[in-house]
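Just so it is clear, A, B, C, D and E label the chains in written order, and each chain counts residues from 1 on its own.
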Amino acid sequence: EKIIVVTHGQANDPFWSVVKNGVEEAAKETGADVDYRAPETFDMVKMGQLIDAAVNQQPDGLVVSIPDADALGPSIERAVQAGIPVISMNAGSDVSKKLGALLHVGQDEFTAGKRAGEKLKEMGGKDALCVNQEVGNVSLDQRCAGFKEGFGGKVEVLPTSNDPTDVKSKVQAALQSNADIDTILGLGAATVGEPAVQAVEAVGRGGKVNVASFDLSAGFLKDVADGKAAFAIDQQQYLQGYLPVVFLHMYAKYGLIPASDVASGPNLITKDKASQVIELSAKGIR
Amino acid sequence: MADKTPATNGREATPIVHMDKIEKHFGNIIALAGVSFDVVAGECHCLLGDNGAGKSTFIKTMSGVHKPTKGEILFEGKPMVFDSPRDAMDAGIATVFQDLAMIPLMSVTRNFFMGREPTKGRWPLKRMDMQKANDETMRAMRELGINLRGPDQAVGTLSGGERQTVAIARAVYFGAKVLILDEPTSALGVRQTSNVLATIDRVRKQGVAVVFITHNVRHALAVGDRFTVLNRGKTLGTAKRGDITGNELQDMMAGGQEMAELEGSLGGTV
Amino acid sequence: MADVAPIVADERLKREGVVTTLMKRPELGAVAGAIAVTIFFLFTASPTMFTLSGVMNFMTPAAQLGILAIGAAMLMIAGEFDLSIGSMVAFSGLIFGAFVVTFGMPLVIAIPATFAIAAALGVLNGTIVLKTGLPSFIVTLAFLFILRGASLVGLKIATGGSTQLRGVRDALSGDWLAPIFSGNAFTGLFTYLGKIGVIDTFPNGTTKVPGIPVEILWFIAFALIATYVLLRTPQGNWIFASGGDENAASNSGVPVRKVKISLFVLTACCATLVAIITVIDAGSTDARRGFMKEFEAIIAAVIGGCLLTGGYGSAIGAFFGAIIFGMVTIGLTYTNFDQDWYQVFLGAMLLAAVLFNNFIRKRVTGER
Amino acid sequence: MADVAPIVADERLKREGVVTTLMKRPELGAVAGAIAVTIFFLFTASPTMFTLSGVMNFMTPAAQLGILAIGAAMLMIAGEFDLSIGSMVAFSGLIFGAFVVTFGMPLVIAIPATFAIAAALGVLNGTIVLKTGLPSFIVTLAFLFILRGASLVGLKIATGGSTQLRGVRDALSGDWLAPIFSGNAFTGLFTYLGKIGVIDTFPNGTTKVPGIPVEILWFIAFALIATYVLLRTPQGNWIFASGGDENAASNSGVPVRKVKISLFVLTACCATLVAIITVIDAGSTDARRGFMKEFEAIIAAVIGGCLLTGGYGSAIGAFFGAIIFGMVTIGLTYTNFDQDWYQVFLGAMLLAAVLFNNFIRKRVTGER
Amino acid sequence: MADKTPATNGREATPIVHMDKIEKHFGNIIALAGVSFDVVAGECHCLLGDNGAGKSTFIKTMSGVHKPTKGEILFEGKPMVFDSPRDAMDAGIATVFQDLAMIPLMSVTRNFFMGREPTKGRWPLKRMDMQKANDETMRAMRELGINLRGPDQAVGTLSGGERQTVAIARAVYFGAKVLILDEPTSALGVRQTSNVLATIDRVRKQGVAVVFITHNVRHALAVGDRFTVLNRGKTLGTAKRGDITGNELQDMMAGGQEMAELEGSLGGTV
């Protein structure tokens, strides 16, 4: 039995590599032949073509993320037409049913961002930076948009590259030129969260600026545990990879499928929980 | 020879090209320091001079490659500014540059007709007439004594003389009113050289004005009607055919400096 | 001079076969690479890859890339680069999307207007390069950033804050020009073929391949026209000359500036064509569209035999270069390897394809 | 022949000022660009940008980029490209990280071992390019993919599934070689200067700037050495000759192959140096390190006056090119511009910097 | 002239370079179809022939640029394979190529010493001795009659003759045992030409073997000891000085084909 997973996240993206690890674990446990595919950059056109390629191979199940329902819709509908059971994950909870997917695992980036914003607002934040390492990647943009809504205060989006040195310098520059910044939200723990903590320390504002980040990395969790950072937002994306495969396996085998969507997050990892998950994170499970 | 300069005053015909007190500077380098020169239809005007005298720079201003820093160009009596070599060509001036101006990776035919390709058919099917272009190229080359293996050999793989012949044949083919030849025979064999000299003679008789640059006094004397000598960016003067001997000319071309003594048959002109 | 030597068979030529003569053409090397890649996938990939729908599936991205690659190849032959192609895809997509969705224009106005803006940007690129004498690499690089940034800002303005503009498909439903720029051609024929069982159908009776995606037709047509222009027209001669030696070309009377500016316009228009096709097809556009496509286009052109230094290359080469690239990137998903290894395979296959092409050419044409 | 003409002042030369003579050098154009960018930020950016800590802040990424850019510039002068630099940063980082963390090697072994592996890959790159005659663009592009993919696979193996390898700092605590490759130099001096009030301190008494980040010192040293090699040694002459005209150089007796292979090794080693510095500093490495750095390095080299066609350029130019690029990318965060416009500004400033540089040079040196 | 070939059999000295039945094919093009040639120390051996005869290809195999398709090269009596021009140079062979082999963007001095830069100081401070290099370059150029404006002018901006002189001066400077000159005087002025011919004479007397390619019969006769004529990739034969007249030589160089008739002073040798 063959299951194909097509997402919009590259295999070397820290977030998506965890999803992929979940997929592999499920494959091992179910014995299914599972392939993970993703375009090399955030590229909706290419992703549609990858879904088409998957449909051509007539798999017994298809798992997709849906960051752009317009662009991917026709390809997903084609899969459904071909009689392939489809489960959506991560992005696209709102359109999943309409396009004919069986169910959705995971939750919206927007909701997660909003949740983080609310929490940081609670912690007293008024003036925030949303550090985006890949501007134009819609799912990252949505995290910032959700954050803006939940936070309520002043939010500036700081575009950076994937390079930690670059991120650190830019965050440092932003902190130096604007003394009012009291909150930083990173959209990736290893690429943005860790250097942002370093930048805050470097300008001597440790303790005065709340740093939070999406996703987990061992380094950032350690910062959380040490009190240098506020919290990490975890979607438990391992489940977003693991569950759909298991569900599809069950569906193929016995026709069993949960009746409603599964929300895998958001889940805020704060100081008390951080040290427990460091090890798992270092292995690419959280 | 400065005293011989007035010799040209007696000419009647208005020159096709008249260059007046041309100066050309490259940054801080002064290549031409005020050179006047003219050429009339049906004559071959030789431009002579030592290495680095400024001959190539001068004819490049004439053919639109360089803009003169100072001075005026009169074409058929009217002041003219050539913005590009294409303008000069459209006016009927064709040039063999010393560096030949050819594209090594392209075939002989394509180089030959570069910029003025023969076409056939009508738009949108107007296309290069490759058959005609190939034939004309082979014919023109054979006339100058070069039997090419084929018209599609890349110019970069031709021998030095073959390549020079392509450039000459092209200029002769397109030189409607003025033909400028910058050391055209430098890489040519004896047979090809005599063909080129004969060609110069022929086109001159057809009424084309020829500007001929050479270091070979014998070649200059064989076809030249007038001789202008440049030295270090200035004119030393102009002489008519018959007013000057080969040895006098040779001395002037050497810029007045002494030559190394040679035994043997080189006692006379090099 | 009358007695011109007659044309005689030249004893200084060895005889050479048709194969040798053919293989000397730059494009035919790329064909060898394409064949090698095909053979590789015939052995390793799921057989569905070479079914009709599989072929359409890898030809679609190849076609989209190829349209850009042919434009890039022509510009490279003329000795210049355009690094702004990828950003131009995003920018044109935004302009086009805004025209259609925000201003509600019909295609017959929106498309020419988008092309006009793209062409103007092409002229701007070209003019800056030629007036200043700066390398086109750096000038178009600046436009890579500027246009990408402008797309982001423009999208936010057009959508009121999002980086994704949707609703193009709805806005265009029923537009008579849409079938030329989107969807599939010959759908009637394919449905018929499906009915009589010549091509596969889904269980519900629709054909697996609804038709030929229009970009493939555009791609083929463009490759043919570009090849014709390069090899058979004076303009083609000028393109090669401009790239081979700019000075020599200009000294021989080639209007180098006009040639180069036209080609900058061409690459901008190629990007716009791809933008229009993908925006209508996807029904949406976002700020990441066309990301890195400039490099992929240059890669395809180089695989197809273009020299980075200019003066050498072919449109057909770029055509096959794009197919090789498309086949490798999509084809790998038909095989059973782990996605983690994807880039290793991609790199290895690219290298293998060009090495093979090179090896064949050297074998066939003798040394040098 | 004995009576050689005496050297006389040449009447065919106009006098020219020192400024003109200086401005003819390619590197000094880049200086003009750097000055223009500085002036721009002096007016628009928060004054903290040009405090000591602000300068260190933008010089750190500039230095990391610059080390790559100088290597890339030297290779470009020799007429070749290395697109695998960025992936090489990730790959060397992985190798180094694995040596230190997984195998627990001390730096004195791990560093030479990492450099050895990088050098071997450089030799491989160079050999393939030279043996096959394929363009280096396409060969190193293949390695761009291969090394990037290999880093991912290697990281997953080394960590058991994660794309981030951490624990480097712990593994190295106390290693005597570490201060040469990480952290800050002259910390003692800076603490002293902080005490006597010459430089700013935080309320708790520590200096705002603990020292000069070592990469800046490496960067400066490397720029000086590279300039010396290029301008003052036979090897420098060979580099220019190899890029200016490979055939002519080889015909005149330049060992073109050796020169090119050495430079491929050099770029690989530059990438490794950057990898080691950043891995020790960050304490971790991940699969995306060095992403797109190959292009940034080439951009910096071109801003600094290198020709893409080879044979012309300078290390000092690349030095200032990297500073311009670093200053612009980081500097824009110090300004009040809406960060959505970031890329638009980045592009516009790059263009402005090179245009200014070009304008100045043309003014000073006269036409042509 | 085939009957004159044995004339060389009488020579005693073993040749420095002996090329035996060299063939060279480029793809399907046969440039050399078996050419044998030798040169001994202290002689000037002229290689003559029509355009495209294969002269440049031949000397390029001698100087390590091309590998012969067939045939053998004996250097000082021993079979030798030059893998690169650098090998040939290390063996003491210096060449002026027809295309000069210079880098336009680099300065005169850097071109002059390219590949064999003078150094001073010790490692790691071993560096180019620019002062010495500049002085030597200017001196060597002046000896051949060219007064450069400065040693740091880019070669690309030199005049054709100036550039050629750089290449000649360089080869003479480094030509330890064999000096190969491929049409060295083609772009030179009369003064520079006589300097070059005098230089050939001088180095020959110092025991260097000189291979001199030219299309100018008078130049060949002025300095040549032996004359070998190539035609369409084959040797027509070799003659000693004095065994052949200028007119005979000229006829052979034209490849036996007729030349265009010219009036005036060109009746004799071109």
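The definition used in the following text is that contacts are C-beta pairs under 8 Å (C-beta built on N, C-alpha and C of every residue); 3 or more make two chains touch, one makes a residue touch a chain.
All values reported here derive from a predicted model rather than from experimental measurement.
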If a chain touches chain A and chain B alike, it appears here: C, D
Distance-maximising chain from chain B - centres being C-alpha averages: A
From chain C, the most remote chain by mean C-alpha position: E
Chain pair, most C-beta pairs within the contact cut-off: B-E
Distance from the mean Cα position of chain D to that of chain A, given in whole angstrom: 34
Interchain centroid distance [CA atoms averaged], chain B/chain E, Å: 27
Rounded Å distance between chain A and chain E, as computed from the means of their C-alpha atoms: 72
For chain A, residues that touch 2 or more chains besides their own: 11, 135
Two or more partner chains touched - positions in chain E: 26, 29, 99, 145, 149, 195, 198, 257, 260
Chain D: positions in contact with at least two other chains: 1, 5, 12-13, 148, 152, 156, 340, 342-343
Inter-chain touch pairs (all): A-C, A-D, B-C, B-D, B-E, C-D, C-E, D-E
In the complex, chain B residues that touch chain D: 25-31, 33, 232-233, 257-258, 260
Complex contacts: residues of chain D adjacent to chain C: 81, 128, 132-135, 137-139, 141-150, 152-153, 156, 295, 299, 302-303, 307-309, 340-348, 350-351, 354-355, 358
Residues of chain B that touch chain C when the two form their complex: 63, 65, 84-86, 89, 95, 97, 99-106, 110-111, 113-117, 119, 126-128, 130, 138-139, 142-143, 145, 147, 149, 170, 195, 198-199, 202
List of chain A residues in touch with chain C within their complex: 11, 20, 33, 35-38, 40-46, 48-50, 52-54, 56-58, 68-71, 73, 81-83, 135-138, 141, 145
In the complex, chain D residues that touch chain B: 1, 3, 5, 11-16, 20, 365-368
